[in-house]
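The following pair of complexes shares a single chain, subunit A, combined with subunit B in the former and subunit C in the latter.
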Partner chain A sequence: MGEKSVMALAGIGEVLGKRLEEKGFDKAYVVLGQFLVLRKDEELFREWLKDTCGANTKQQGDCYSCLREWCDSFL
Partner chain B sequence: MTMLSSKSNEEIKRMLDDYGIKHGPVVDSTRALYEKKLREAMSKHRRTQVQSDRTYYREEEDVTYVQHHRPQLYDDVSNRTWSDYRGMDYTDEPAIYRTQAPYQNMSQARNLPPEPHIQKTPEKTRLVPVWLQILVFLIVSGLLYLVYINMESAEPEKRLT
Partner chain C sequence: MASAQLTDKELVSELKRLGYTPGPVTESTRPVYLKKLKKLWEEQPQPRGSSSCWLGNTIQSCIIKICLVPSNAICQLTFLSFSVVLHPFGPEFDLHYDVKDRDLILNLLLSLHEHLANVAGEHDCGDLKNSLNRSVSFMSVYLSIYLSIYPITLCVPFSCSLGVCWFLGRLIGADPAQPIEDVSEISRLESIHPRMSFFCRLRRAFFTVIHRVLFVLAGIGVVLGLVYYMKYRWRKEEEETRQMYDMVERIIDVMRSHNEACQENKDLQRYLPIPHVRDSLVQPQDRKKMKKVWDRAVAFLSANESRIRTETQRIGGADFMVWRWLQPSVSPDKMSSMPSKVWQGQAFPLDRRNSPPNSLTPCLKIRNMFDPVMEVGENWHLAIQEAILEKCSDNDGIVHIAVDKNSREGCVYVKCLSAEHSGKAFKALHGSWFDGKLVTVKYLRLDRYHQRFPQALGCNTPLKPSSSCMNSMSRLNQRSSTSSSLGFS
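So, the complex of A and B:
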């Protein structure tokens, strides 16, 4: 994951990425951090993502799956 | 009015536990999310609390109040039966709420039998509708009665000699 931008995450494009950056989530690992603090819970993470950058259901799901898989593999 | 934003992280955590909301640590980045969830839970809790209080107070002032709030409350209860009664003449309904004995009214107000019943029961979502339970009970008792009748006829009649 390294220093990749938040837009490297699945479901996060330019628009959502910009919104996340404005809220301080400028790197993928910061969103990962938030994912972990929410205990990797799907419902909580989806709700948080929706509230923070306005992600729709598909985008929420993609981002969650992406982070979930990364954690399953590397954490 | 509780000011959630003025509460400490620890207090927010405790409130989340009280409402049974699953959560992670309450930190700066998760605070806003949990405050929102608490606000939703509080308003929902307040709404169901007020509604259940209303079932015990049948004062005239509450009549119109109940009518307005019913659509919100009975969302989980089968909408099928409820929409049937939306078209009903509202002048009939206040009669049910004014009297003190709702169960007596059940026989009198035949046009709206389920209403006092729905009001009496606590506002919990039912997995199995009440009418179905009663029906099953009647079927089972009917079957038992049939079995009993058959057993009676199988025994030879005893005489007191």
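So, the complex of A and C:
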């Protein structure tokens, strides 16, 4: 993951990425951090995503799956 | 904004209570968790006594009602189908909020108050195990208000004012003993007017009354018990003292008679060992019982009796405590020594001049047997009865004897089986000397006797002297055995 920007995550495009950056989640690993803090709970993470950057259901699902798979592989 | 927000810890604990394990509550995760909490609350099955859900529901229904009413129109809140007009908060309250807000707040408070009362009442009536059940967690109240009326900000400030909370009931902080200073310290709300069902109140009142009555009865019982016990002790003491004096008198008599015997018989020692005296006075079966009385008598004698001296003598090789009679007798003539309840002989022979020719009735009145003023003790009348029975021991026809204790003439009434028996008794008693007094007898009418002593109607068994030693006859027997003829014959 390194220093990749938040837009590298699945489901997070330019608009959502910008919103996240404004909130302080400028790097992918920060969002990963949030995902982990929410104990990898799908529902909570989706909720959080929606509240923070206004992601729709598809975008939420993509992002969640992406992060979960990364965790399963590398954590 | 209000200071009493849900702290992270409370949020976590609430979530945990509802069965969900949250992660850390941070700035970013907080809103998510709050939403989760709200969702969990709604999903929860409605338990009967849960305050938070109930409150959440009523407040929610209130909110729903508000929302249903068109927002442009002036909405009249018909929350509880009446509007509360009287409230204890003063005119600032009216000014601060407008009508519908005010109604909402007041109705909210009212329902909360009722709910607290019900909770407290339920707790008091039902199980009293967990005292925590009596109060309602402030946080759950606040939570339900906060979460349900989230869009409406007015309830938050009102619910956090201390004055409002006072109205609801008792505030309990984290430490139950300390008073509350600030709203943030409140942890539980408790109602001070518990509402209990009629049956429950009846039951409690009943029990209270029963308990009070029982206490009063127990107090009375204790007092009565004390009184009886004191009386009993007092009576026992009196009895023992009387026995002691009785024993002392008997000892003195024994000593005196021993002294007299010593006068005659110079071979005898002038002292008597104390144990021997005791064994002669007290029956073997009574010795253990009378031990205390005996000891007191001995102590009394050594302290208070001047005529008897306590010494130690060697008898038969063993040391004994003995008593020695010190008073020299006044004269060697034993007849002048004080007689005590013994028959002393006949004053005059009975002939036609001084006695009726034949016995008239079976009842006799015997005069001058005693002087009631001089008599001491409880049982001297028994000695009198014994004396009469012993005097008439050959005549087994006496069925009833009554000593009139109060008569100044010293009267004793005797009933016999028949006139013949009474005649024999007459001859035995009339004109005898008893205890230094001359005894006279006369006949009484039977019906008068029965009037006076109705219990004699049923007496048929002849009475016998109780002991065979015939104390009252001792003088007479002695005199008849010795050849000396003294005094009154």
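Definition applied: the second predicted complex is superposed on the first by the 75 of 75 C-alpha atoms of A that agree within 3 Å, B and C clash if a C-alpha of one lies under 4 Å from a C-alpha of the other, contacts with A are read in each partner's own complex, and residues count from 1 in each chain.
Criterion: a contact is a pair of C-beta atoms (placed from the backbone, for glycine too) under 8 Å apart; a residue touches a chain by one contact, two chains touch by 3 or more.
The structure displayed is predicted, hence computed values, not measured ones.
*Asks:* With both structures lined up on subunit A, is it a clash or a fit for subunit B and subunit C?
*Replies:* Partners clash after overlay.
*Asks:* In the superposed arrangement, does A:V37 touch subunit B (first), subunit C (second), both or neither?
*Replies:* Both partners.
*Asks:* For A:D51, select first, second, both or neither according to whether it touches subunit B, subunit C, the two together, or no partner.
*Replies:* both
*Asks:* For A:V15, using the defined touch cut-off, is the partner it touches subunit B, subunit C, both, or neither? Pick first, second, both or neither.
*Replies:* In the superposition, A:V15 touches no partner, neither subunit B nor subunit C.
*Asks:* Flag for me the stretch of subunit B that overlaps subunit C after superposition; candidates: 3-11, 75-83, 93-101 or 129-137.
*Replies:* 3-11
*Asks:* Considering only the contact definition stated at the top, list the common interface residues of subunit A for subunit B and subunit C.
*Replies:* Common interface on subunit A, subunit B vs subunit C: 34, 37-39, 41, 43-44, 47-48, 51.
*Asks:* So in the complex, which bits of subunit B are touching subunit A?
*Replies:* Listed in rising order, the residues are 22-25, 27, 29-30, 32-33, 36-37.
*Asks:* Once bound in the complex, which stretches of subunit A touch subunit B?
*Replies:* Residues 33-34, 37-39, 41, 43-44, 47-48, 51.
*Asks:* Quick one: in the complex, what on subunit C touches subunit A?
*Replies:* Counting only subunit C, the residues touching subunit A are 21-24, 26, 28-29, 31-33, 35-36.
*Asks:* Touching subunit C in the complex: which residues of subunit A?
*Replies:* Spelled out, the residues of subunit A in touch with subunit C are 23, 34, 37-39, 41, 43-44, 47-48, 51-52.
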